[in-house]
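Read from first to last, the chains carry the letters A, B, C and D; within each, the first residue is number 1.
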Amino acid sequence: MHMNKVISCSKAVEMIPDGATIMVGGFMGVGSPHRLIDEMVRQGRKNLTIMANDTAFEDIGIGKLVAAKMIRKLITSHIGLNPETQRQVIEGEIEAELCPQGTLAERIRAGGFGLGGILTPTGIGTVVAEGKQIMEVDGKQFLLEKPLTADFALIAAHRSDYRGNLEYSLTARNFNSIMATAGRTVIVEPEHIVPTGVIPPDAVATPFVCVHHIIGRA
Amino acid sequence: MHMNKVISCSKAVEMIPDGATIMVGGFMGVGSPHRLIDEMVRQGRKNLTIMANDTAFEDIGIGKLVAAKMIRKLITSHIGLNPETQRQVIEGEIEAELCPQGTLAERIRAGGFGLGGILTPTGIGTVVAEGKQIMEVDGKQFLLEKPLTADFALIAAHRSDYRGNLEYSLTARNFNSIMATAGRTVIVEPEHIVPTGVIPPDAVATPFVCVHHIIGRA
Amino acid sequence: MDDKILIAKRVALELKSGSLVNLGIGLPTLVPRYLPSDMEVYFQSENGIIGMASVPGPGMEEPSLTDAGGGFVGAIPGAASIDSCFSFGLIRGGHLDLTILGGLEVDEQGRLANWMVPGSRLPGMGGAMDLVTGAKRVIVAMSHTAKGQPKIKKQCSLPLTSVRRINLIVTEMAVIEPTDEGLVLREAAPGVKIEEITAATEADLIVPAHVPEMQVDPALPGDLFYLGGTSRSH
Amino acid sequence: MDDKILIAKRVALELKSGSLVNLGIGLPTLVPRYLPSDMEVYFQSENGIIGMASVPGPGMEEPSLTDAGGGFVGAIPGAASIDSCFSFGLIRGGHLDLTILGGLEVDEQGRLANWMVPGSRLPGMGGAMDLVTGAKRVIVAMSHTAKGQPKIKKQCSLPLTSVRRINLIVTEMAVIEPTDEGLVLREAAPGVKIEEITAATEADLIVPAHVPEMQVDPALPGDLFYLGGTSRSH
């Protein structure tokens, strides 16, 4: 017998307080935890800090959190396909930190893996470098970008076993497997839950030790 | 029709000159490219710089390169189970740089992924930190460890397709998938070669674009 | 010939068999249409697929297989899925042979600005900064002017995407190569005079004694067929 | 009771259900034998498996499933394979609840030296530095003395593995906890007097008014059964 990590969507969202810092998986809505997002909107959280690649579209994925004005701060690489996010950012309703996509992914990984930051050539000589430390290593310049962690990581997966081993599907993987390492509490919304042992060790993309709660069938 | 990357073991080793810098996959011989190593010994390379987790045992894996006195410099985390490596290092025949295992893995990844180095807490306050830069990030100290790349990465895999998509098996994965990103020429020795398309996209651990040559059946 | 198709056909000549290529949104996704059928080029979409192809046909869209704009795509046999760290590791680590991007401005040193217009548009840089900094080769495919104003300028007025010098600019008027000496006019589009190019370019152009005409195949298809191209249902 | 078995039985009491644990080579691999059967503890081997178990039986060894010493192991249903970056990412990133390691020396500040003896043994640190620096909890399981000399010293004479203060020392004589105030004697082994412990310890020990006796179950098996334990054929 082993611990059952499955909980309901509403119970999971009840754990998340106003003001929480939350990583949300997905890329333009693909591979986002849609049921968790809908439940967040239903329960009405506010003042959230959201870290995510993008805010999708106005009526899809993380865009719904924007539309419901639940976000105080946003760390993201792209908001160009969501005019409402741009409006809230330009009008100062959301404080936005724009971060190059590859840097964002590495910063989250660094947070999850205990590294003090990353040294990247991306952003050198651009506005992204403003106020940041430049490091010279063997004659080349790199920007020091700091690690990111979050109170919660809300991720989506294709399959989970009852222990929390995860498989992803194609481009729905994106930031999910990385965020799974960097949330202090990691909640996964899988499309399917299978008996433990069904996912072979080599097919596991996120090992069960990273996952704290699994959202059960609707 | 697509390019066929399969070559013979002897042709592959002929590409490697004396004095080359080579990453070799494997952990205590498990997941090492044994046929490539045997062929290296047969063809008799010298003055090699080898980067590998360990030197296995005297008659297994990388230990054979040590026994044949082919190594000038070694960057590794552990030589404790190979007395001949210890002898050559203590007597100055091999110049050894000992590196904590997690740091070694990240340095190789940093080399493969274009990062300027890694910032790790591992080694702070120990002999490993001597001569290295300490960075303070948000009040915590980290050691700057530099990236590693190599002329060649010799790796082992469970299956390859003809394009070079790779799957690994259990603990035979270890450093192989990481080194596959960091060698300027990457040569894989798979246990099996399968038609392209047989390994599904989500099962690919090393994408084909990282692999330059595939060793054919013996 | 449509300007976009002219640009796409010319850019297609720069692609090499066996190379890994990333295409920006819009014009760059027209390029694959104009590759010789015996050439195998691998397309990476930075959201996590290597071996991107078009959707095989209507009704065969897969919700978990999209490009960086969220449009449905397909995949070649032997495609590989990767996470965002691996995807950008390939880009930053020099594994990406070529990226083809649109541009808002390019300066005399060959530096690109393509990610924001202060005060009016704040889309975020997405993957553009990593792509321009890390790809082995960067081709900017863009219209030569915008609203009659040159886009190739002495200085970019917009924020730079990277300080890295890009490798080639292809417009409907010309092919221009940024070099140590400056911007060199390499080719002129069919029927376009060199004076017209220099007049439409704010930056100084180095004009060699002989500037050949841009060679593209007019027999290749002339319809706007984008890789991906199948929008999502939102 | 054999010293090693006593230590292993005592360390086993420190493990918690649902936790992720890494075991050093040697003595620490005795510990799983002494866990209650209803407790589920997950063992990581840093060479890339989470959910390590013993080989299910003779003839069922798998060449690609080994521990960090190269010995054959098994895996629980729902085990996961990971590469070396992920393995040490878990260790460095605070995902590893506990590591149990052998020790050569521990100093008065609770700092461990366990990876080299200058001039005579140069094994390399392997994963030890990452483990001691990164694990949430570090237990050192070792003999109290070596050749009659104390291993718990005022200062380590050997190079440190990490400056991080370890959490607990378990020997055949005592359980000792490094704290802000110094090394606190928490338990004495059955039949061992406190004076014997302080005499065998070079570092100052803080001895509370009441030092309970180490409680281990003598009914548990007394044979040396190591996790892994199946050597390779070299």
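One rule holds for everything that comes next: contacts are C-beta pairs under 8 Å (C-beta built on N, C-alpha and C of every residue); 3 or more make two chains touch, one makes a residue touch a chain.
All values derive from a computational prediction rather than experimental measurement.
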Measuring centre to centre, with centres taken as mean CA positions, what chain is farthest from chain A? D
Distance from the mean Cα position of chain D to that of chain C, given in whole angstrom: 56
Could you give the separation in Å between the centres of chain A and chain D, each centre being the mean of its C-alpha atoms? 35
Using mean C-alpha positions as chain centres, tell me how far chain A is from chain B in Å, no decimals. 32
Between chain B and chain D, the Cα-mean centres are separated in Å by 29
Among chain A residues, those touching two or more other chains are 106, 109, 114-115, 120-121, 158, 168-170, 173, 201-202, 205
For chain D, which residues are shared contacts with two or more other chains? 49, 75, 81-82, 85, 88-89, 91-92, 134
What's the contact topology between the chains, one of line, ring, star, complete, other? other
Following the definition at the start, I'd like every touching pair of chains, please. A-B, A-C, A-D, B-C, B-D
Residues on chain B engaged by chain A in the complex (per definition of touch): 106, 110, 114-121, 135, 137-138, 140, 142, 144, 146, 158, 167-170, 173, 201-203, 205
The answer for chain D against chain B in the complex is residues 45-49, 62-66, 68-70, 75, 81-85, 87-89, 91-92, 121-130, 133-134, 159-163, 232, 234
Using the touch definition up top, name the residues of chain B that touch chain C in the complex. 1-3, 109, 111-115, 161-163, 165, 181, 196-197, 199, 201-202, 204, 207-210
Chain B contact footprint on chain C (complex, rising order): 17-18, 20, 38, 40, 42, 44, 49-51, 75, 77-82, 85-86, 88-95, 134
In the complex, go through chain A and note every residue touching chain C. 27-31, 53-54, 56-57, 59-60, 76-81, 86, 89-90, 96, 98, 100-106, 109, 120-128, 158, 168-178, 205
